[in-house]
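The structure appears right after this line, and notes come after that.
By written order: A, B, C and D. Residues from 1 in each chain.
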Amino acid sequence: MNFASDNNSGVCPEVIAGITEEASRFDAAYGADQRSIELSVAMAEVFDREVDVYCVPTGTAANSLSLAAVNPGWGAVLCPEHSHILVDECAAPTVIGAGLSLLPLESEHGKLTRPIVEAYLAARHDTGVHSVALTSLSVAQVTETGTRYSPDELAELADLAHSHDMALHMDGARFANAVASSGSTPSELTWRAGVDIMSFGATKGGALGAEAIVVFDPSRVRDDIERLRKRTGHLLSKQRFMAAQFVSWLGDGTWLTLADHANQMAARLADELRRSGIDLSHPVDANMIFAWLDPATTESLRAAGARFYQDNPVRRTDGTAEARLVTSWSTTTEDVDRFAAIVSGR
Amino acid sequence: MNFASDNNSGVCPEVIAGITEEASRFDAAYGADQRSIELSVAMAEVFDREVDVYCVPTGTAANSLSLAAVNPGWGAVLCPEHSHILVDECAAPTVIGAGLSLLPLESEHGKLTRPIVEAYLAARHDTGVHSVALTSLSVAQVTETGTRYSPDELAELADLAHSHDMALHMDGARFANAVASSGSTPSELTWRAGVDIMSFGATKGGALGAEAIVVFDPSRVRDDIERLRKRTGHLLSKQRFMAAQFVSWLGDGTWLTLADHANQMAARLADELRRSGIDLSHPVDANMIFAWLDPATTESLRAAGARFYQDNPVRRTDGTAEARLVTSWSTTTEDVDRFAAIVSGR
Amino acid sequence: MNFASDNNSGVCPEVIAGITEEASRFDAAYGADQRSIELSVAMAEVFDREVDVYCVPTGTAANSLSLAAVNPGWGAVLCPEHSHILVDECAAPTVIGAGLSLLPLESEHGKLTRPIVEAYLAARHDTGVHSVALTSLSVAQVTETGTRYSPDELAELADLAHSHDMALHMDGARFANAVASSGSTPSELTWRAGVDIMSFGATKGGALGAEAIVVFDPSRVRDDIERLRKRTGHLLSKQRFMAAQFVSWLGDGTWLTLADHANQMAARLADELRRSGIDLSHPVDANMIFAWLDPATTESLRAAGARFYQDNPVRRTDGTAEARLVTSWSTTTEDVDRFAAIVSGR
Amino acid sequence: MNFASDNNSGVCPEVIAGITEEASRFDAAYGADQRSIELSVAMAEVFDREVDVYCVPTGTAANSLSLAAVNPGWGAVLCPEHSHILVDECAAPTVIGAGLSLLPLESEHGKLTRPIVEAYLAARHDTGVHSVALTSLSVAQVTETGTRYSPDELAELADLAHSHDMALHMDGARFANAVASSGSTPSELTWRAGVDIMSFGATKGGALGAEAIVVFDPSRVRDDIERLRKRTGHLLSKQRFMAAQFVSWLGDGTWLTLADHANQMAARLADELRRSGIDLSHPVDANMIFAWLDPATTESLRAAGARFYQDNPVRRTDGTAEARLVTSWSTTTEDVDRFAAIVSGR
């Protein structure tokens, strides 16, 4: 019963097959290989157009290099106050982004909204060279709280960003879950809505370690992504094995099948928890649930071997504390039902 | 006939097996997993003592983080003029090392020697705060030219370094080849000789992408390696798969078996080339050969599909140019013999 | 009628005399001079003990180098949301501090309080290597809103900081004004209260360009300040002229005489404004006033040549907007009275 | 008898007068002042055209920001092996330049030549993303060894640089001495010869602390110099006092009068030394002499209070060691003659 994170899951069979097949081949290092070419083709199919793709081994690298690509060091990225880039990456976007600033905004269930950003812009006094310049908005899809932006919500933010000469970056560590749970295509959730650059993650969705920087608007890119990737140590010699992971994962829609499974497991668990009267903090749009559990329940779950995080230091007056439950491509119905049974006291 | 680089090879069956076995498991992210514990044990066996180990996905990351760990930003690393850290990593050690300087020294077949370093130290005028401080020596084992330091040669450099309050760093991207071709143990080639920190590479030796920072003298470490690794994007969520690669590769001496094979392939090829009257630039201590080939031979080799680098822009008056030939765990006798046959004109 | 900032003032006669006297001398460059020795003595008298002093030409440099000295790059500085280091230095503390983070807290009239900091600490979930480490508190004395911490208030913050292994940094760009308006000595307002390191500014108080990093607790210093100063370009060749400025300014209590004048001008102006029914945002503890002026008054003042900032983008429903009025060592009674007369409509 | 460096001199009366006159005025901070406007006019006169000017307090800041302006972080600057930017600034150009590399070339009496640069370019193997990109040449005028480039020599280097898409930077810490000793105008020695950006120093020539980044080709500027200057702490609040120094120093040709004096003092001293049979290392084109002194002479000079550097650690077989003797605007004929008399044994 591991609901700690989707990154606690293993590697899906399709990706293992892709790696294994590639293992016996020789090919050029550093991305000048066949699999990397195939990846470009696969990405173009996913997004209904050609895109620039740069694979890196971690989401932190993908986010940081994406942001470094579209922001000057004296720029600033507006992002939700609990966003991963701000609180979970030990300031990597700042380190890799030549001193880039991240500025926290309030959010609604983890989502930036046009009024929130507008209020911030209206209240800000620009002191020119003395202050950092606002150069990007960053959103996560799905968000840190498991919610999903609609294409229209993204377009509103993109319009606002672009009208202030800011780029729109998307942290897509769980983009697969967003696509799978929406009625929208990958292109509708990205460039058609105005997203300029994204970090597209496969790791949480079943890969071993493969994330892609996907550039939708090359005119927003200020720096040489290939050199930045190299000089931060993120160009793998056997780069083709990241391409192989992606190609296997994207092929035959595997990525969406797996994400859909994770989403359904979360929906099933959420339904059960609600039925048990458990309060959930946010809409369950994808594969994450934030549930308020009382100490006895928590203890029973832990005793049964359930793993999950309780990061929020706030405890309600009724004694409940917020647990984060994340499902993955490998979560089983059995584990969901067993967890739910313990919560319901059955 | 791919002799371009050992990083053009694939992934060895043992590592694939290790990854595959791990793929179906859940376990904690970011290194708090079983495989990472096993790796600590395996490394302790390799080095005859406990060591601190930090896995990262690339050799550039391993080198840069190792150097950042033992040098202040205002420090400088003395290294051979053609060393990988200096000319092949797009200044990554400087970027990750807070402005760390790398200072080139001459070398003998890619190796620093005590007289070379002493001459540099004697000729240098230290201007205090105006100049960077000499804080490390860095050597590669095996070197960029395929030569190997003996334990005594390393100890001489270590003594010199330590007597000047400098750390000794080893770039061990091909450390396996060094151990396999020497009569020495891993410990004799590292901490017993005075090496303080090393980058221990498995990727060129058969892994998918797994390098380890190995700390022998923690008292030399000035900074928090775990934070540095995280904030440069080199902590993988599925970190355990790097540990799994290493555990499989080190287990049962696979790493040395594979390295020995690569070395033997190089020895076989070198013998054949010498027999054909080809001039070699350096002793062939491991799996790299630098051979002076005439244009006709080069053309025949290329026509037959042979891959190798000719990076050295110098061409001799007899028309020959230097080719770098690298063998790997997956190089076959057939490819070696076929290459040699073309060179010999048979 | 220049109330824009105390840095719009010129250079006081005592400092000009000190520079002029030094001008005809030869002496060693880079701080190995007589004036720098005299400065150490003068600083020891000011603070009732020996301190380490490093002169730099700007407050931004003093703040950034101070913070870089006591924080690792993966650290974070808690500071009031409107503090100069956070909003007016274009992220210089981050750039100079190897990626150092600044985290905004609420404040009361620009001051951090123990409850504010405690609430932040209680609400924060430490995710270890994933988040930056809290390593400093930073306060300004006087604050950005012209208020002053008492020794007890500082001691409370220092105790809290130290109990969490955080350093306490003070931005003392207007420290002279704080000392002059308090009944406290420089030592009571700094190290006796627990301040570990400060930026002590002379520029706003009458110097041409001279700020000092003053270290009270050398055990908090993690890095080599002299090297950091040099490699960020802040070691002047004619460093002795910064020392000369400080020695002249500190001598005979000039700094406090000038600061007292500035404070009295502010008190006089504040009294007049209150008498005219003008609402002031904050207590006037030193040489800064934040006054809500209606549009007609503002226009009359501008027409009469008055200079002041209206940075706050908020306008009240009664039409008033907040003006920042800063007095200096060179502000005249005539200017104060003329300004007040316009406001009162006389 | 201070021949240690021209930065051991004081501040010339004209600059003191300029500072003093400005001291009693109020004016806007951060460069939005009258003196800064006057400086733009003065610089346009000096260079026979409009130029962009950014004052900073140190030569290290001027060099580092100039280089940061025209080079990407993944770029490299080719410079003479003993250049100030490489060996005397504690890697500041790297720190301020986002990891910028400096690559040493041989020189002839401190000067780069077209053949030296061409040989380097021919011998270099460009490995694309793995190596830093060559993006600038940097020369000092006058050089570290006191020699001067002619306009033709500069034009040769500029043509070579530009044909390889590299910028040409000039470290003009002693540019005044170069102009004064040549028959050339400032424009002939800079933009007319193809210099793209320079650090123009007044400090060594008689100012207190004033250096200017002068941009000749804005199309070479990749980054926002004003933001870089601010975020590295080099924008002074009383910026106008740097402008005042420059305006006073440039006015009525004071800068060239003072530099001419320094040059003549060096010429006089060089003549005397040669007459005494002292070997000089380099042509004396400006205000620096490198003279080989025997131990007895050195001791006599030291005993008489003479100050000079002997940085070169090499001692010749005849026992002589190289002394660097620098004259300045304030060097007196008496000091020169007294020094010469001791050397001659009179």
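For the reader, a short list of remarks on this structure follows.
Basically, a residue touches a chain if its C-beta (ideal position, glycine included) is under 8 Å from a C-beta of that chain, and two chains touch if they have at least 3 such contacts.
The structure displayed is predicted, hence computed values, not measured ones.
Chains that touch both chain A and chain C are the following: B, D. Hopping across touching chains, the smallest step count from chain B to chain D is 1.
Comparing the chain pairs A-D and A-B, the larger number of C-beta pairs in contact belongs to A-B. Chain centres here are means of the Cα atoms, and by that rule the chain farthest away from chain D is A. The mean-CA centres of chain A and chain B are about 34 angstrom from one another, to the nearest whole unit. Averaging C-alpha coordinates per chain places the centre of chain A 51 Å away from that of chain D. Residues of chain B in contact with at least two other chains: 73-74, 89-91, 95, 98-99, 129-130, 227, 230-231, 235. On chain C, the positions that touch chain B within their shared complex are 30, 72-74, 98-99, 129-130, 133, 223-224, 226-231, 235.
Listing the residues of chain D that touch chain C in their complex gives 2, 4-5, 7-13, 16, 19-20, 22-29, 56-61, 64-65, 89-92, 95-96, 203-204, 208-209, 227, 230-238, 241, 330.
Taken together, the chain A residues at the contact with chain C in this complex read 73-74, 87-91, 94-95, 98-99, 101, 122-125, 127, 129-132, 311-314.
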